[in-house]
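Across the two complexes that follow, chain A remains constant while its partner is chain B and subsequently chain C.
Moving on to the complex of A and B:
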């Protein structure tokens, strides 16, 4: 057992393939960035629908949010990759295929938009209505009120919760390897086929993700707390 | 409708079998997570010499993606510890570990939310520390965190789709297998996605009603 433990902690195998593997980590970053942008914008739209005065909008928003918030990431990734192109193809009358990267971004973006929508909504509802009425009284348009009065405060209030969701999203990017996006996990399994040594490779991958996620999220939390306390 | 009947309705036996495996692995993982989470939390709070170890484990479980943990437990643990010896076992171990990290922190928050005065009151009437914990701290802490615990179960169900990757024959596995047999993914994957969404949705609604119930009965703030 102790020999195996030494082998597990021996970084040489992981180090040997560092260039390939770290390029994979960059792919996790790309998927994360693109999916986060999609999730934030769709999430904001869904949140605005949920706080809309018109009931049909609220209703659609609620169904949307509950659908995506309760969907497992993996089935959504598979569904977007294998089913959505067929449905779109049937509608448009030609053959459509998504590159794995696109499927990954769409699936994760929509799933996480559900989570972000709830965070945005809580933030928006925490803004006293008096402030919005004050904006109206000065003749600001709804859009101006949203951008100048509501959103700046919402962003500050939702930041800690949003950071948790960004962390979850980054962790979820590891499953895109299952539809052959060449991220770190995908490359680990490729190297494995050659080297047949899961021990150092998977341990290396786990430690790499742990260090990156733990360090970056701690750092972001500290910085965001400082920023929040400064602006308030 | 022919396709739906052929691909989904006629395969309902296989899909239900898969669903049963999903429920089974999630329940085992949930039990493991509760036990592991409670242990980690108690060690972190009350066993000084082991505290750093507990903190490292909690942070490791929380900050590592479930998919990576699953592969790690499945392919590395057998070489190091000689266990787990089956994919099913590896599946619930990985799911359980991930959630035990989160539950440890949830439980800690619940325990810390119990006012110190309650504990002191217990001591002043002559209760032992263990009795204070069991009779005063734990019941209140559990009430506060019960909704988050239910919530963690939904996380386990969502993550459990990944055990299909290590050939555990859960609902996801059966769905992907049917897709590979028929090469017609639309109906199967759509139905299975809806099944999962409904399953997780009803669980989270149950969590919400539990939170409402506790708040009404015991006047607790939302956890």
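Moving on to the complex of A and C:
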């Protein structure tokens, strides 16, 4: 019993494979960065659709957001990797395969775009109409008002919530090992097949994720609060 | 021959569903003159102002800025048709607007608020815009606050920055929508002082106001609005001192105390 406990907490195994495992962690970072970029841009587009004056746009935006916000990320990853290529292949009449990395980015990017769309929408709707009218009264176009008056404030207002979503997205990158993206978890299972010592390896992986996420998100929070406090 | 008025409002109508807020309003504002619009709340004063620069699209009638129709344009074949939105945006910058709630952009400094539209809409360089912005802030006596964010300014200071922002577009006329209604009395004074200076400098102004003192000393003409129509209009001293209409007299007896 106590022997198992000691083994579980003994980090030497993790340390031994540190180079391989940290390369895996880098893959989590790549998937995160690409999926976040996709989620932010598609999320902004969906939010703009949801606040559009034209009803069809609002309707499409709502259906989009509800679809992806309610899709479990695990199922989306599997579906995009195994089902979507078959569907596209049938439509295009040839064989299509996505590299695991691409599937992971598409799946997580679209799932999280649903969350970001709602955050953007709430931010956009929180800007007082008067500020938009003041822009109009100065002869500014709607596009100029969006980029110069609305979005800079939306970004500031949505930051605290967006940081939480980024943390969730980073944690979600650990499931991409299921479709063989060589991330940290994937490499842990590879090492396990040789070493057969799951306890220290899983503990090491958990600690690594915790330390990375905690340090980075704390740093980002401090910096963003300093920036926001200048205005509000 | 009479000069083209800076602003000519012709038979302006505005309906919100079944509610008719403006029911045929016409008046002229001559260059360099100040017109105050008074009336009970709900009489359509603010709607009138917002229709003049098309923040609200009028249901009928037309507004002319130095002879140029705001909402429609004349085609070469003599027909008229509604202006596209982009053109209305362009026309709007000829009219500076000051709002009751200031509506400054909180993520920009005072100077940033003032130079934003000159740079992005009129295409001035940052250097030109900064010089213009400094000049406009000086006109509202806030040169020393150029680098402050709106959250750190008093209400009166915010409204003066908003006035500078409107001036920076070098508009043909300024529209004020109850500019002091959300200010404490001591802050009202500093805003009214700036507006009096603008009036004395020959700025063309339309002012929706409850400040009868300002309407009396600073405006050339006063328009009394009742139920979406002009009930009485004339030189300030006449409308405020010796009104002909019974409704105007009642309104003034409540507001002049």
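Note that in this section the second predicted complex is superposed on the first by the 230 of 232 C-alpha atoms of A that agree within 3 Å, B and C clash if a C-alpha of one lies under 4 Å from a C-alpha of the other, contacts with A are read in each partner's own complex, and residues count from 1 in each chain.
Simple rule for what comes next: contacts are C-beta pairs under 8 Å (C-beta built on N, C-alpha and C of every residue); 3 or more make two chains touch, one makes a residue touch a chain.
The shown structure was predicted, so the numbers you read here are calculated from the model rather than taken from an experiment.
Steric overlap between chain B and chain C is absent once the structures are superposed on chain A; the two fit side by side. Applying the stated contact rule after C-alpha superposition, one finds that A:96 touches neither chain B nor chain C.
After overlaying the two complexes on the shared chain, residue contacts for A:76 are found with chain B alone; chain C is out of touch. By the touch criterion defined above, A:140 lies against chain C but remains apart from chain B after alignment on the C-alpha atoms of chain A. Set side by side, chain B and chain C differ in how many residues of chain A they touch, and the one touching more is B.
In the superposition on chain A, A:148 makes contact with chain C only, while chain B stays out of contact range.
In the superposition on chain A, A:222 makes contact with neither chain B nor chain C. When the two complexes are overlaid on their common chain A, residue A:63 makes contact with neither chain B nor chain C.
Per the superposed model, the minimal spacing between any CA atom of chain B and any CA atom of chain C is 26 Å. Within the complex, the chain A residues that touch chain B are 1, 4-5, 7-8, 66-67, 69-76, 78-79, 82-83, 86-87, 167, 171-175, 177-178, 185, 188, 198-199, 202-203, 205-206, 209-210, 213-214, 217. Across the interface of their complex, chain C is touched by residues 128, 130-131, 133-141, 144, 148-149, 152-153, 156, 230-232 of chain A. Residues 59-60, 63-69, 71-72, 75-76, 79-82, 154, 157-162, 164-165, 172, 175-176, 179, 185-186, 189-190, 192-193, 196-197, 200-201, 204 of chain B touch chain A in their complex. Residues of chain C that touch chain A in their complex: 53, 55, 86, 89-90, 92-93, 95-97, 99, 101, 103-107, 116-117, 120-121, 149, 151, 162, 165-166, 169.
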